[in-house]
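First, the structure itself, so that you have it in front of you.
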Amino acid sequence: PVPPGVLPLCRRPPAWGRGTQQLPSLPLAPCRAFSNSKILVELDESSGVATMKFKSPPVNSLSLDFLTEFCISLEKLENDRACRGVIFTSAVPKIFSSGLDITEMCGKSTEHYAEFWRAVQEMWLRVYGSNMVTVAAVNGSSPAGGCLVALSCDYRIMVENPKFSIGLNEAQLGIVAPFWFKDTFVNVVGHRVAERSLQLGSLLPAPEAHKFGLVDELVPEEKLLEKAAAVMAQWLALPDHARQLTKSMMRKAVLDRLIAHREEDIQNFISFVSKESIQKSLRMYMEMLKRKKS
Amino acid sequence: PVPPGVLPLCRRPPAWGRGTQQLPSLPLAPCRAFSNSKILVELDESSGVATMKFKSPPVNSLSLDFLTEFCISLEKLENDRACRGVIFTSAVPKIFSSGLDITEMCGKSTEHYAEFWRAVQEMWLRVYGSNMVTVAAVNGSSPAGGCLVALSCDYRIMVENPKFSIGLNEAQLGIVAPFWFKDTFVNVVGHRVAERSLQLGSLLPAPEAHKFGLVDELVPEEKLLEKAAAVMAQWLALPDHARQLTKSMMRKAVLDRLIAHREEDIQNFISFVSKESIQKSLRMYMEMLKRKKS
Amino acid sequence: PVPPGVLPLCRRPPAWGRGTQQLPSLPLAPCRAFSNSKILVELDESSGVATMKFKSPPVNSLSLDFLTEFCISLEKLENDRACRGVIFTSAVPKIFSSGLDITEMCGKSTEHYAEFWRAVQEMWLRVYGSNMVTVAAVNGSSPAGGCLVALSCDYRIMVENPKFSIGLNEAQLGIVAPFWFKDTFVNVVGHRVAERSLQLGSLLPAPEAHKFGLVDELVPEEKLLEKAAAVMAQWLALPDHARQLTKSMMRKAVLDRLIAHREEDIQNFISFVSKESIQKSLRMYMEMLKRKKS
């Protein structure tokens, strides 16, 4: 379940937190499909399964806008009794999500860094702590924060294309994955693989990712959504209440750790990202990406 | 070792706890074989190995009577210097143990629920914390509490028959495995497999159970006890004292966690099982089992 | 990073701890190669990689002298800006290291036991907490403390010869691996494998060690150092700072646990090793080794 203490998003007033259950600006009827500028959501009411498609080209980077829309969409589904599970996938070819948007970390104000990092935390708290069944249908590469989204789901299916890779590659950019990225990773792949992969900033091609347990299953691209639906049906065959309490029992310790250190974690991010050396290496990385594109 | 603070069973007065070493009603000579209504125990004094055979048809369910006899038998062996290891197996075809007896949880008094749950805890504390080498020779299906008995041993051998399955399937009944079931499971199969299996209430056929590490080895049915004896001999080749201290070092944290929260865990069970919704789903489950039989 | 609170070695006065950075008797120029009576160190300044070769025949046992020289050599490299990674290997055929030197634990004074155990702790704290990339090139058998050295590295490569075995086999000698050996082991192979291997005191032939994740990779003997260099180059391609912080994040909890209980751990060792029963079994073990040799 979404843990107690999760703050409402501070970006879209008025906040409609879970505690209050007041949804002033929303229709009372359950939603069938809705879309905002970066995410397309389709809810199949007969199955109770929603699909969230990331459509923020070129690479579905997790900008502040994206994260805000992501959290709003997810909360909308979480509060919708017709929705019991959600599949995350990409509407952009070859990429699931490229992870945190580096432009949000470059040359901005302290306040901006704080707002951005709080939104990153919020996304993880909502996905990792979701009451719904969450399945990642990874249809493209998924580095860093993109990998975190997949790791935070209940189950990960990836297209078997070895050109698609996935991993927490922060170390390659000279930055360090936060402790809660690490905790989530260790829970999925165990300590030894997590330690090595994090130190090397490994991006694993789909077959290797499967071998190490980073993804649970590989399928041909054309079978991905069908397979995701089949997996979802298997999970939804269980009574929600017992499944939710079980999930909470498994994840509570790691969720609580961020909740207890949330402000400290924001301050750490700010002081880290504000360093001139880090700013410089992020600028260099962005330059490299631009040159690559052209 | 059996952790300090383990309360004596409250069902058979006078209690003959480990601390006191007073066994008023027992013969002083070491036992060779003894039996009670639900469990047959044979001790081979030349090897120091006892075999505990569950013989409580139709499905070796863990009733209050069964648990009480189980704990008394195990304590008897634990205190017998001629006994260094114990093999658990079933005398009932096709089933190792079906787990907790649902009739003990249906339409009974609060006092009964408390007594029953304390006996379940006691069984786990004694097996998981046993000073003896413990080997599960799983010769049939082993859901829920039956799986817990196997998980609590030092080593698990299962008949390779894919019709036999094993797992903590509580979620399928709409109930949640207690935290110490979960801790034991995570210690055996790791976090990811435990999280998925517990949420899905998975019962794995023997070959899959082996693949995921839930059992250590598969053998043909006719070789099971021979193999269990061979494994036991390998473990007993080690000096007891070092092995016992090592086992305690590995398991102490998880044992201590239940010991510290034992009464709270009993209260949780009572308030959970007393809910009308849970009573209803347990009654429905029992109806289904009865229809299946006839 | 080497954790705060690591005491300087008390054996070579004056102590040249990391805190002080005073290296009174050392040349100021970075070392290319140095040697002491038990360890040969070669530093390739072009790659930034040092190789520490154990040359203490017949079996590279971890005597107080060996440990002291090991820690001094390692600290020298740790403080040398030209050195970013270190490969541990053996100059003695067929053996990587036989582990703790039993003669240091037999018939000595309490003070000696304390000094010896502090040196064992120091070695582990320095290797497990090293800022450098550490690779074990295991070219021979590696029981007990020898295995610990390998487990404490970032990566383990072993010669594929099944005659070479590795493991924490303390239980076979009637002794118990300390909790920090266990913590390190669990981090590498997980709880279930660690629990079984520690209780059985298993020495695994190289192919099995690889299967259980105790070593990361097997190679033919003649390719060992080449492979170690290739692996090292891969790790050194990452920026040091992010890699070091990541490593620290992964290992801090386990390092801190020994640091917090260091004196208690020494007292435990002393009272254990001072027991007549333990002294007797160690003497018997040494006798057996002597008979084997002749």
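Order as written gives the chain letters A, B and C; numbering starts at 1 within each chain.
In this section, contacts are C-beta pairs under 8 Å (C-beta built on N, C-alpha and C of every residue); 3 or more make two chains touch, one makes a residue touch a chain.
All values reported here derive from a predicted model rather than from experimental measurement.
With chains as nodes and touching pairs as edges, the resulting graph is complete, every pair of chains being joined.
A rotation of 120 degrees, rounded to the nearest 5, superposes the Cα atoms of subunit A on subunit B.
Averaging C-alpha coordinates per chain places the centre of subunit B 39 Å away from that of subunit C. Residues of subunit A in contact with two or more other chains: 190.
Contact residues on subunit A toward subunit C in their complex (touch as defined above): 170-177, 179, 182, 190-192, 194-196, 198-201, 281.
On subunit A, the positions that touch subunit B within their shared complex are 154-155, 186-190, 213, 216, 234-235, 238-239, 241-243, 245-247, 249-251.
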